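Before anything else, here's the structure in question.
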């Protein structure tokens, strides 16, 4: 049985439960998040093995993250507790139902201590797919080297590499990001991007045109995530289109990572591009139907909940 | 003053207050529910007398149910506490805003101990209307016999019988249900059904056609509940159509029972089919504007809240 | 730097946090409200000085109001604690997401003890704008005299007077209100009204026609607030139209006062009618995106949140 | 079966759920309260009939009170809705775990419209006991007359009259109270008082001495409530002492009324003074173990919970 | 590294978060519980391997239990999902801070489908200790046989067997329990009991005398749990006494299972009886300092929190 | 009217509302804290002027802090927004009711950017008292220099300097702290310390002996805070003792800073040492009666709440 292997940062999330400015007495809820961790959880819930590599602090937040991932069936035996720094934290204000504002406490903290030594060569070389994002290289030299090392091992072993550009403007400039991400795209088999992210590495154009342009940089598939307008995948000679699954939106957080989780689970299913896109769109729909980054991700048995009629009783 | 008499099961409801999968620490809220109890509350709030017959356990849930109904003005002097089993319970997960998943703890418990002996012949024979549903016969032999007994007494006394098919797939198969419900329809004066429920007893067709087909089985009115598309009533030679009342949907639970409550209150008002349908649609709109099965049901003085403009200040 | 000066009543708000009828155990949240206080907060958050004059009781609610306004940067040095009566209170039921019902406890209480002696002539004469509403005169003779006194001082000093009709049917009849408000309109430079309020003082017609008719009573600007349909301002010879800013509605409370705050901040900015309307519409959008009367009002740096794309990460 | 008949005021309670000063965003919980209503609920939960007479407004709070009492099995068929004024309200700050501060909104409101016409002579003359408190006469002339009328009817009919002095310093002065309460004591068969209350009508002394002194004014029993130190009853020639039942204190609200409820239920049981005191002390212990005025009152079957060991599983 | 192996039932817990009777709107919190699961979690948190065998339903509660245990590091690879019945559920009312009342929904449900086939002989034979309780045999014939089978395998393999009598009066009579538990005691190496439980199998006497009497039935250690009075262990020729660790009590739930977890972790540490008792008492203290059955159990690094001074900052 | 001037760090607090380990879904509450800010609020609530100098980030937490202090009547016109770094944050786990664990996110963040340039010489020279703590010098070179600068200005102007040692082991070692604090003590007029803190600068001994020893380093008063055992003040030739005020403890956070606030308000009152100690002890009692660092601090009018009997009604 093939496994998703991913590596990256995970941090505590302290999020307002109601829309409005933060102030004394504002109710908050603790959670954790990380783009790669979300993908690992999503893939695990859909029935495939997933392994997450990363570094957390020797504190309550670090314990929460490792216990949480393990509880979700994600292999964390390669994750490392680094007692020298606290686990990172994100304070998330929900200024309006659709607009969040975030303060990061992550620079130089435990998650940024990921280094090439944390990458287990045997794990990566034996993976069904290696998934990386554009967040990790933005965290510092060591994390960037860790991603490069993992990608190198995977390519040498013939393991497919998938990359979500995931540009974070609070971590690096568009110029820095463009340079690093262009290089990573060249080594990836499948690339995921939103339209603004794609524009970092290919000329701005229609989503379909940007997807096709991404293919020319090396990948065999380029997937454009278009939010409420759905998604599309470019493969050599074809563009596959997928509508969004209509739902009552609760919180727009985590939709992109959920989409990738569904797509990669579909890949591990051995399914067609259409199968992957459909699974990806369904996972995105579940994610925005529930508060939190990953909490709403579906198990395989739940997928039809968002297709048939309500079966309340 | 004429009275609605109804009988059935009521149970504790333990419901998630937010969308998402259930897990350790998930906040829940206690309530109670039961299709017939909801109808009785709705009729009482609209100013008519209502009486509920049923069996509950000698526990906190049973006390909650009887106190709750009494507080709402429903006569529970014929309800019975059966100390041999606990009151049933329903654990309700709100997987997404619009999709709930339910685990029942009701099989063989207090609510299923309703028997013909619990039916008060004088109460039924003196009622303005007897209301039964397709849930009670699905609970076991004794409850089924209780319903049949009540219907028999009502018919002998010339009391109108109303029936909501209320098919529950977790309780019995479509085949079992079809047999029993077809028989009950034949003894009812007014039948309520959703399109899928109607298809249990008449050939599948358009709602209007199914309503007309239901009339041929015996009832003088057949009411099809169509959710967001409204409702329609078939009477000999006519089909009356009602639009849904537009509202901001909070929780789709309980709309059907609220609709029936409004319809029956309109019947006890002595109103026309159009009056009943309008009252029914308004009650349904109130129900889905508030969390819970029956909590949002309107009092007579509140009906115009969902018709005029907001009168906030 | 010019200052907004306003005077009026503020009271405690005890509001249900969820839709539904009030009952034992219903969760409530404490807040405070007052049309003029909301305007002062909104103007202060947008970077202008604002001063509020009013009377509160020597109790926890009074302390909450003065501390709250001071915390928001509103000058409350002219507010007065009147120990003879408790601060007023409003119990607000959210019967459905869009329909609230209010019980007032304000008649004869601290807020109604505002009198002409509370008006600081130097403060008013030195203001950039004096803002009053049609609520204060409805509270009693003394508050009515206080408003008249403030308006008189402002006019004598050449300070622009703005008036929000703010008709409250629970406080006085349409006849009483029409008489008093017509008089106040005649002394105002800018008048704000909803269509039903405008109809108190000019013949009922289209919003634009009513705005033009208001101009004939004296003001140089008449602003009609049209809710989801936006707003319009009539000036001599012109009608300026503004669309509403689209948002996910959370609670429709406080939109009108937020609109006025934005309009007056735009006025103190020295901006055009178009600038004021745009700012007003944006403030209204923020207000309905957050629970509460004024809590959602934007700071200057937040205004673009409701214009650009989400910048969640 | 004999019945407790009582009359008085009930009002909405808006109470902080946590200790601390009130401020914007403070979570509150809605409830209702009234000394006589609490006694009626307590007696009903212990299995005797109870009837409450009073006046509430035509608003959500009034509905909550009548539904709540009816749900608890209290007869409210003699209660009256008075649409001319809102139901009274009490805002309760829990400044520290043991110190509450209250703002009343009750003067001249619905509860104070109770009048002699509201007293049903047949109900009172047929009662097993009539219970009144010193709060009602403090609300105004009409309520005072209502209490006098009820007492008069009871005495004429040979129905025992019980009186809880219940002095409220926010409603009247010690002088006014002393005059009225001394008169009421003279017509009562059983009097309840705390030490400070007793000192209004008899010379200050030890509790036992004050109880004996009260007997000389007319009653055949005088009960002194001593909080954590228990209680004592003076009867001609004897003083009966009762310890408090030890519990973990949650909120000290409502203990006195709970005590009276237990005492009167014991009286209706036909029990000895010792039986009444024990039941009274147990009810007081339940009351302070649960937040709220009356919510914690025990049913008969629960009494042994505070005597044996925990039977958690 | 040696492992604790245990087997038993786990079920959903729906518990009131505040003291008071259950009623409509009562806030509840979801959790899961099971005496053996708690022991496994406690041992795992203290750094030893633990494995739990049991059967859960194919529903949200079952998923919650398996994910929760896995997240806590407990091996659940031998647990089984049985789709034929729902996972059991316990509704827990906190009637007062110290008195809970429970309604069980467990009879014949998934947890009771544990059978000898679920016992993995290799797992048991390789364990460091096998822990069983008196709850499992009370659930039915198959669970009873499963416990017997596990004990037999352990004894044959020389694995120490520990037994917590854990008598549950709602599940079986004292007579039935006495017969079965006496037999199990005879096969156990270490027995845990409260005084009332010990009295099921040995003559009632002082705790120390009962512990010594238990030794005569076969075990080499008998541990009496005495709540706030601490605990004692009888070994051949000695009685070891342990005081309770003083804490602010939050909820008395789960103390006994926490005690056992600490004792068994101390056993796996290879520690003395004194070491085990001290660890057991500390775990019990943590358990009652936090709401829930197992949530408060300490990790090894937290143990000194309840010994030194607060190190808040 | 003389003023308290203080300077230091304030940061966001994200605190668990219930005892237990942090985990996904744990409810948290936002607040802010800072030893000097707490003292300023306490002094302001007791009716004296207070001014706080410090640096916060250009984010929601910074806005919350400045608005919160301003709302409490503290002058923040000398506080500075430093847009280069986020406001610090403290994640506070309440592991048991009495044991908290804290993760700091403050190193190098906005609060640590306080520098001598932030100290307003005129403000300090005109103060009634300058209050500093041992926390600020632990934050870095610039904050340490700021404290030294403020102390120097005060001494030159004859303004009394008060110092709370406030040792924070997470910020610096005992050795570093001892060196810096010994120097500060030498320049202070009044020194506050707990016994462990005092032992940093004088030989460990009894509290009274340590207080006397502190006097020898320069101050004219040395105040030892002893928690539940009260406090004592050494002055030349005398030791004044104060018992703690007994209360129901809710949360032990903030007691020390509340004590200092009371003591300094008593100083600004011009009161005796006994007056100061009594006020200090009462403030400490209020602080631990309410959750949060400063929320429970008393206003002057509330002081008698913790002395007389409850005056609930």
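We just call them A, B, C, D, E and F in the order they show up, numbering each chain from 1.
One rule holds for everything that comes next: a contact is a pair of C-beta atoms (placed from the backbone, for glycine too) under 8 Å apart; a residue touches a chain by one contact, two chains touch by 3 or more.
Chains and their UniProt names: A, B, C, D, E, F = Sugar kinase.
Please read these numbers as outputs of a predicted model, since none were measured by experiment.
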item	value
Those chains which touch subunit D and also touch subunit C	A, B, E, F
Which of C-E and D-F has more C-beta pairs touching across its chains	D-F
Same-site or different-site touching of subunit B by its copy subunit C, using the half cut	different
Chain pair among A-F, D-E or C-D whose interface repeats that of E-F, sharing over half of the contact pairs by residue number	D-E
Subunit A and subunit C: spacing of chain centres that average the CA atoms, whole Å	45
Subunit B-subunit D separation of Cα centroids, rounded to whole Å	40
Residues of subunit E whose C-beta touches two or more other chains	21, 23-26, 63, 67-68, 101, 295
Contact graph of the chains (line, ring, star, complete, other)	complete
Subunit A residues within the subunit D interface of the complex	23-26
Footprint of subunit D on subunit B - complex, ascending	63, 67-68, 70-73, 299
Subunit B residues touching subunit A - in the complex, by the definition given at the top	18-21, 95-102, 168-170, 252-253
For the subunit E and subunit B complex, residues of the former touching the latter	12, 14, 21-32, 57, 59-61, 63-64, 67-68, 86-87, 89, 91, 93, 101, 103-105, 295
Touch list for subunit E against partner subunit F, complex	247-248, 250, 286, 289-292, 295-296, 302, 305-306, 310-313
